[in-house]
Each structure stands twice: as C-alpha cells, then as structure tokens.
C-alpha cells in the first residue's frame, strides 16, 4: 500500500522499545536528577545546609555532562556502560547514556523550580525545627510540585528526542526508525509516520503534565 | 544469544551492520540460506558505522559488513584488534552526481564539492577526485584519520563541503557536485550508473565481510563465507535492479 | 527564660547598611506575656525573629532557656526551635497543603501519631473557628482566616515559648478577643511564655504583663504594663498609651473650652478601687464646689481600672484648698492643667 | 457613585461551593468615606473586590459611576479601573522592583512624564515616611513599611475612588492616624470616594461618615456612623461598637458592685454639647441626690462627643422623679439598668 | 607535540563558528520562544487574555516540533532553510533548524517560569487598569526574571549540545570537531580538548546565569 521498508511489527516493537528506554532512563534519571537538583539548591551559599564543597563539586559536574554533545557522551560512556549492563550494544546499553544525559538536565530544572519557593515558607519550616530533610520533603517539594511536574514534562520530551540517537549503539525505538529509515534511507512514509507517533506521544505527555500542574495549582 | 561470544556453540552468531544496503542484502539474500542450514542469526544495526568495530571489539557482534580492507587494517592498528576479511560482499561504489551541471566540464576554480564527513568515505571520495585530476592527495594521508588537510588542489581549486553522508544527496541543489555513497543511491531510488563519475574501487576499498581472526574457522563463519559466495546469493543480487552498478565479489567472477 | 544582651543587627545589601537593632537588651521571664510595641520599622519583627534564630544577631547574645544559641549545634537549635511556636506577620502558609495539613505540620515533623495529630488539629481548628475549612487551601481563605490558621499551627505542638508577630492584626475585635483569651489560657494553664508584637495597644492592655516600647532599633521604655500605661515616660510611649488610655482632652472639647474662655482645668487620676469612689460627690457636697466634668475616661488595664477626670472647678479658694487636701488624703493624683 | 444591587457571589472548587455574598445591596455616594466592618470571613474583601471587578458577581449588578460593569468592554473596564485605586490586604508589591518603581507603576502605566512621575512619587514617599527606602526592595521592608508602599501606590494616580482592604491593619496607631488624616484630606480636597474595610472600629470612628456591618455574606446594618455607633441594633454591631464606645460596664467593676450588693444603676447617654454640660452637678446640688460614678466613658465620633455615665443614685423618690423630669427636659437619654 | 589532526587555527575558527551559530539562534530563538511562551501563558483558559484558539493552535505546534529528533528536523527543514538563507549547507543553514529546535524549548521554559508569578501580582496589575501588554511587560516578566534567566541558561546549554549536530549540514563549531575528529577519527586529543572547551564555555554561561539570577533575587 505504501512505499515503505518497515513493517507494522517493527513499528509496534519500536514503540515498545521507546517506552522501555525512555521509561527506564526517566525513572532513574528523575531520581538522581531530583537528588542532585535538591542537593545543589540546599548546599549553595545561603541554602538551608550550606555546604560549599558539595555545591562546588556538583555544579561543575552537572555542567560538564551537559556540555558534552549526546553522541560523544554515548561513545565516551561505552566502557562504563559495559561495566554496568555487560554490553555496549542494545536497548539496555542505550539507557545508561540516556540516564547520564537526562540526570543533569533534570537537576537543573529541579534547581530552577525549587529556587522559586519563597523564603517565607522555608522560614516557617525552620521555625518549626524541621530537619533539612523535612524542610525539603514537607515544604520545598510540595510547594514546587506544579513547577516540578512541568519541568519533568520538559525533560521527558527532551529525553524522547535524545533517545532517537540510541540507534548509535544498536538500540531501537521510534526515533531510531525515523533516523534509520526516514533519514538514512529516504523512506518518507517511515519518517512521516514515526514523527506522527512521536507527536502523539509527546502531546499526551505534555497535556498530562499540564493537567497535573493545573490541578496542583488549582486554577 | 545476546552476547556475541557463543563459546562452543557454533550455530549461532550476531551479525552487525551499519544502516542500509548491506543489512538489507543480508536479510534478504544471506539469512534465508543460513537459516535453512539451521543457523541462528541475530542481526544488529548500529545507526552509526563508527560504532560497528568497537562493538565487535567488545564481542557484542561477531561479523560485520560495512568496511573495506584498508579501513579494517587501520582500525586493527588503532584499536589493537585482530579482525580479518572473511570474503567480499557486493559493494556499492561511490559516484559523483550533480543537479546543477550536466557534465564534469562545468568544473572550475571555486566549484563546490560535497564530501562525506567520516574518514573512510571521505578518503574514497577524494580518491575519485584524484582520479579525475582535480586534486592531489599527500603520500602520507591517513586512513582511519583521513582528513582534508592531506588534500591539495591540482587542476582546480575545489571548495569542499563536508556533510553527513546521508545529507549530500539531499543537498545536491546547493553544491556543484556531490560524492554519494552507493547505498544511499540505491535507497533513494536513483541509479549509480547515472553518476558523472563512478568510483573505480581498488581492492583495498571494496566492501568485505569481517570477523575476528579466532572465529574464521568456526562453523558459522565458514557457512557465512559460503553464503556470500553462493550462486543463490548471486542470483538474488543480479535480479534486483537496485543493485545495478554494484561491485561484485571476486568469488563470483572466478566462477 | 529569654535573654537578649546588647543585640545589634545590621542588614547589608550592596554596601547599603540598614541598622535594625542598636544594642537591645531585654529579659522575658518564664510565664510572662511580653508585649513589644513601636512604630512601623522600629525593629520589632527583627527582635522576635532573633529568639528562634531566624535572624542571627550581628553582635550580642541570645539566650533561650539558659542556652546561648550561638553555641548550639544545628541539631540542638532544631530541638530548641521545636519548643518555640511562631505566628508570622505574613502567615507563611503552605499553599500546596490544606488547612488541616498546614496545622498538622509541626506534629508531622515531630512524628506524632495519626490519631493524636487528628485530635489536636481538630481541636485547634474548632477553636479558631475554621472546622469547616479543614479541606480548603490557603488561597481560598480570607486574610483573617489565614491568620487564624497560622495561630493554630503555632500552637499545635504545645510549645513552651510562643512568638507572635502581629498575630491579631488581620482579625476583627471579637476574634482577637477569643485569640487573646486563648493565649491567656495557655499562658495560665501551661505556663507558656509569650512574646507578642502588636500595634494595638488594646492587645497589650488586655493580655500582657510586661511591655517594651521600641523606637528606631532601641528599647526606649520597658516594664510592667501598669507602670508603662499609667505613667509613660517617653514621648513615644505616651503616644501609644494615648491610643487606649485617653489621657488628653479631645480637640473638639478643647475648641468648645476656648469659646467659653476656660483656661485651667483640674485633672484627677485614680487607679484601682479609688477609680469608682464617689470623689466627685464629695467635692460637690463636702466642699461646695461648682464641678463640671469636661472629659472623663475609665480604662481597664489588667483587671484594674484607671480613671482620668478633667474637671472645671469653681468656688472659693479656701474650699478648693480643702478639697486638694482631701484628694491627697484619698491618694488621688491631681494636677492643674492649662488648655 | 458605587451601587451594588443584590449581589451574590459563590466560589466553586471541586463541587464545593462557598457562598461569600448572599444578596448584598449598598450605595456609596460621591465623597463618602464608607466603612465596612464584620467578622473575619464575613465577605468584606470579596465585596470591595467587586467594585473594581477583580471579582465578578455570580449574580447582581455592580454600577460604578453610572456604568454597569457587566456591560463594559475590557478596554472600558480598564479605563474605569484607572480611576479606582486599591490598597490590598496582602500588599501585592512587585518583589523585583524598588519601592520607588512600585509606587511609580500606576503613573508608568498611564504614560506620565518622567518629571511628573518623579515629583509625585517623591511626594508620596515622603508622605508615608519612606523617602529613605526609595531604592530598597519590598523584601527589605517591615510589614508596616510594605503596607505604606501599597498606600502610596494606590494614591499615585490620584484616583476618584479608593478601595482600602485593611489598609492600616499592619500599622501602629500614629502611622494609622497620619494615613487616616491623609485619607480625610484627599476626601475633602479632591472629593475622592473611599470604601474602607477595617477591623478597627476606631478607624471607622475617626474617618467614615457611613458604615456597613457584614455578617456571613450579608449586610446586617448600615447607615451613618453616628447612628450605628450611637444605637447599634444588631447584636454583632453592638459587639463592634462596644470595642470603641464602652457602653457596657467592665467585668471588674461589675464584680465590685456585686460585692457591694448594688443591683440597679442609672445609665445616662449624652451626645454633642450635652455631653459636657454639668448635669451631674445639677443632680447633686439641685435634687440633693447621692450620686457616685460607677463607670463613665466619653468617645469622639466624627467631631461629636458621646458620653455614657453609669451612676449609682440614692435619695428620696420624689427627688429622683424630679431629677428624671429634669433629664428629660435636658434631652438626656436615661435608663434604669440592672447589673 | 600532540598526536592530532587538527590545527590551532581550526580550533579558533570552530569556537568562532560555535559562538556565531549558538549566538544567532539563541537570539532569534529567545525572541520567538519568549513570544510563544508568553502567548501560551496569557491565552490559556484562565489566563489574562483567554483566547482558546491561539492556545489550542500554539500548544500542539510547540509539542510537534519538540517531538521531532533534531537530525530529522534538520532534514525536514531543508526546503524551508533553503528558501530563507539560499542554501541548505553551512553555518547559516544550520542556524535555521537550531532556531526551530530551540524556540519551542524556550517557549516551554518561559511558560513554566511565568506560571510561577503569583496571582496577587496580576491582580495588582489589573486593578491599575494595565493593558494585557503592560501586565506582561511591567509585572509578569520582571517578577519572573530570575527564573527566566536560569531557563535561558538551560536553553543555551541545550543549544550548544544540539549545535554539535550542525556538522550534518556542513556547519562547523566546536561540537562538530568533537564528532568529526574526536569521534570519527579516533583523535583523542581533539575529542578531549573540544570537550574541555565546551565545558569551559558551559561553565561560564551557567555561572553567569546563576550570578544574574541570584543578583535579581538578591540573595
């Protein structure tokens, strides 16, 4: 029917692979990103537990990773990837650089969101004798939640974009089909349909994020 | 198995490819032969050719079809590997195309020529221009690290545009000439034969099937070699018009 | 229980120094309800924020419960703070949590049980009249309702010290009264020490036993409320006291006096039981003086009544002298004033 | 000038309805200083926010300057709003701008010239006593200082209507007084209409000519301040009036009366010139009654004096009757009260 | 001295190209991104000028572009790029997809920052009869400024990452050197030194952003 090289099967499989890779790396990246983002906010000079050393180490590390083009990151990480997942090829191997890529990105967005929480809230927390952990958990995070959701949405979408490069280490996914078939093999149908799928996925993620954030902000 | 090293088990292996024609040839022409013989083949596609050899180095793939002998040898040095040529595969030659000009005569000082950005294909492309007498290539030009710094003007002072290989075809309108890898020509529904110049591929630049030296005598390697050299495969290739202009393996000529 | 010793506090931004406190010393004893008044910007908020170390002094000592805060570790400071409740001038409620959760927060932080928390929060919300708002969010409340949430939150963990930064300024008089009654009650029953900033002298009048008057970063007068209210020394204190204890004659009465060319009046000041004794009648009946009341005011301070009378007295000089004598015997302060 | 007709306002969130206003009607005439009082949560803020359409009524009409707001286009509404200044309960200052810029904002929006803006802002800052804070940012100010910035900002564009949502609640009495004087001045000189929410009856007492008392979304009493203060009808109004006009006998005096087994007192109420007339002396001298003053209070409301006397009167019945007659002739309201 | 193919000249030139490409696309992308971000905040249901149509058109467009892997975007945009800059290759040609890539990204970050501005501020603006433009210009933007700066920093760094892919259409830049020499030609020195340069650039941008934001927040 269409002049294309890809089969429906490949498509379905690719969608599954995308969800797997993005899901896994998002999950782990969010955990680490949140931790680093929080650390960088609380340890900064004037933060709730000023700890210049942590801040001064973490901040450049985040910057360093963010500086490296993703493709270079993939290659540079190969030995590390291999030591973690046993191979540098395939979906699992792609997850490692994706995590390393998205973690500092999330950390930065988390940082930005958390900095928006007013000083009055933190004072209230401190006046109650809250431990730093409690300040973060019971005060800062809930107050920044709507903004964090939007940040996470942004990060997820960037991650989907990055995952298209996962083909470099032999991983699959929808983005990879777009590149391998659409870009490198001039298969317009493959290109078009994968992009449509991506748009749908992204649209769903974005509106879920927006809806959640709006619910939290209650307006 | 997932892992390339299938110690002891000689009936399964992982075949690695870059994107495009060689993987398609394998899937359609070789795989049926091997499967009939009871081999279990896992196909791995890496969207960047650059990653294929490192993957073989770590053992994630057992065979590859994408490189030339010259490149393989250079990589053996570079990465301290021991890959060997198992046999030749039908290779797509590069060809020089233009949408702005009808013939090579239009070339002049300052003409723009688009070249692939990766070292292997870039060297091959420059060799075409060298054959045409447009440029000269330094004696000590590298292989894995070939770069335009070893190219100097001969008949013409060419303005090089270095692009992603897949990009050249799309950008032909914006340059005077572009040298395109054969596999893209096939994929784009064009014909290599329409090129204004076609690569006269010397042996060391012909596409080969690569395996690790230790694997050469395995059951699967020998079957793979046999499949590439088989009449069945030759028939498949010669019956498809998209392979017109491909450089065919020596084994078939000798038949 | 709370001792501040020669505290200086300087805010610094871009080489601009703002001195908020200039050598303040004070002592709040256990069980005190200590009022702090002063003009806007006098340094009142800065002062109480020192007590739970939200603000660190530039120099000087803050001693709470015998502990010099500067010497305490972060962990120890947190323990100390757990016993100090604070009601903020700007409420500082968590917008993302319901009223119930806001009030429960100190209990959650202290890892109190679900049941205990629920009981305590329910009780407090009922007390501040917000039971029906338990599941609302702060942005759905009126200003006074927010303030009441802040009050309930500060009391939740049954602190030993309560710092109130204008805890009732957004409240109507009735609600203020009920909050003040509560403060008095917790002060009586649990011996909670309270430090209370307010602009409303009537608040100090109703609940405080001690008061400090601040001006431009300094405490210009402090002492028991009855002393300061009865006989304010500093001009600023007088101004403040004036707002509740009308010791001056209002302008419109003065104008009328001027029309009638009255220039001298007698001012009587009676405290406690004297305030309601029939002094006036004695002046009229015993000394046959012609007495008309120009202005009078009775104020309750801490369950005692303070009465001020401005009288226009006419009569024979001898009668007057006898009357003065009588007043002196009665322990009534009197004074001739010119208008 | 401002007419609200049968306004209902319902807030809706997740199927929970909160009715803030239940059929409120009122009229504020040009030049009025209209006070609104009521318990916290009564709907006062909601009410004034209707006037500049920050809140839209669920039903009912808002008419400002003869214009039905519901019928106006967005552009027309903006023009109307430019003539309405608002002082917010929570200040709503721009944290990112200096005090100067905050106050200048309405002028900048109206594209006033640099020079004019500078003059006006400088004048206003001087007035609210914040000239030295011109280059500070809001987070460097005390609560009362922020409120004063809000006041200066609301006045910057010389509005025709001024809405004040507890404009002085964070201010000390002196600053409050000076702000109130300013409000009175702009009201007199420029005929600005002012709607003023407050919890402090004393504020209403000092500046308002009309007052509305709200309770649970309804106006339960409204009228001239003298009427409402002199004779509050509704229990809530009485409570409010009580906070400034001490019409009831304080508890501690009551206790003493109980000890002395006094059960009946005579309450006199005198307004205006009567307040300072020598009525008391007449009772003593003319009617030979035994009079002791149990409690007395004089309050100024709008340049008029209201005096309340609680007297313990003893004497012959005939003398008393004559005295009552005399009081009636003098237009003094009197009443026998039991304690 | 080092075993490398690249010359100092190439390096210097690449840095210049990077600055040119990133600078240009950042400039234009920020303008459009800010406009779209603002539009999407003000036209949303409940915004200051609710205009569902604009919101409902803009929102998916932003998502659509964000869904497309950058390399696909480059290819898909070739006709457009050509019509704008006259060619599909070279630095100028790379700027077009970079702009298209970064604009929706900035729009999202701007959206997130602007949504953090409290409703009280907007009420104050409306009570003064401010026009929607004035509300945005005099109230929302200044209040969100610190957050916007951090967002822009994040976007700039993402842009630098993306610009490494510009080599696909024959553009230069530091990232491209890392890919073409470092990655494709196993030139470790080139790889290493370009990454170091990128790290330095990113670090400078980040700390400038942080400093600015802190200055604006004044703490």
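Order of writing sets the chain letters: A, B, C, D and E. Residues in each chain are counted from 1.
Quick note on the criterion: a contact is a pair of C-beta atoms (placed from the backbone, for glycine too) under 8 Å apart; a residue touches a chain by one contact, two chains touch by 3 or more.
Everything numeric in this text was worked out from a predicted model, so none of it was measured.
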item: Minimum number of chain-to-chain touching steps separating chain C from chain E; value: 2
item: Set of chains adjacent to chain A and to chain B; value: E
item: Interchain centroid distance [CA atoms averaged], chain B/chain C, Å; value: 89
item: Distance from the mean Cα position of chain C to that of chain A, given in whole angstrom; value: 54
item: For chain B paired with chain E, centre-to-centre distance based on mean C-alpha positions, whole Å; value: 37
item: Multi-chain contact residues (two or more partners), chain C; value: 13, 90, 139
item: Of all residues in chain E, the ones touching two or more other chains; value: 75, 119, 146, 183, 218
item: Where chain B touches two or more other chains, by residue; value: 50
item: Full enumeration of touching chain pairs; value: A-B, A-C, A-E, B-E, C-D, D-E
item: Chain A contact footprint on chain C (complex, rising order); value: 52, 54, 77-82, 84, 86, 88, 90, 92-97, 105-106, 108-109, 137, 139, 157
item: Chain B residues touching chain A - in the complex, by the definition given at the top; value: 2-3, 16, 19-20, 24, 44-48, 50-51, 54-55, 58, 60-61, 166, 169, 184, 187-189
item: Complex contacts: residues of chain B adjacent to chain E; value: 50, 78-79, 114, 117-119, 142, 144-147, 149, 161-164, 167, 170-171, 173-175
item: Touch list for chain E against partner chain B, complex; value: 5, 7, 75, 78, 82, 87-90, 93, 167-170, 180-181, 183-187
item: For the chain C and chain D complex, residues of the former touching the latter; value: 11, 13, 16, 18, 37-41, 44-45, 89-90, 135-136, 140-145, 147-148, 165-166, 169-176, 199-202, 239-240, 243, 246, 250, 252-253, 256, 273, 276-278, 280-281, 284-285, 290-298, 300, 303-305, 307
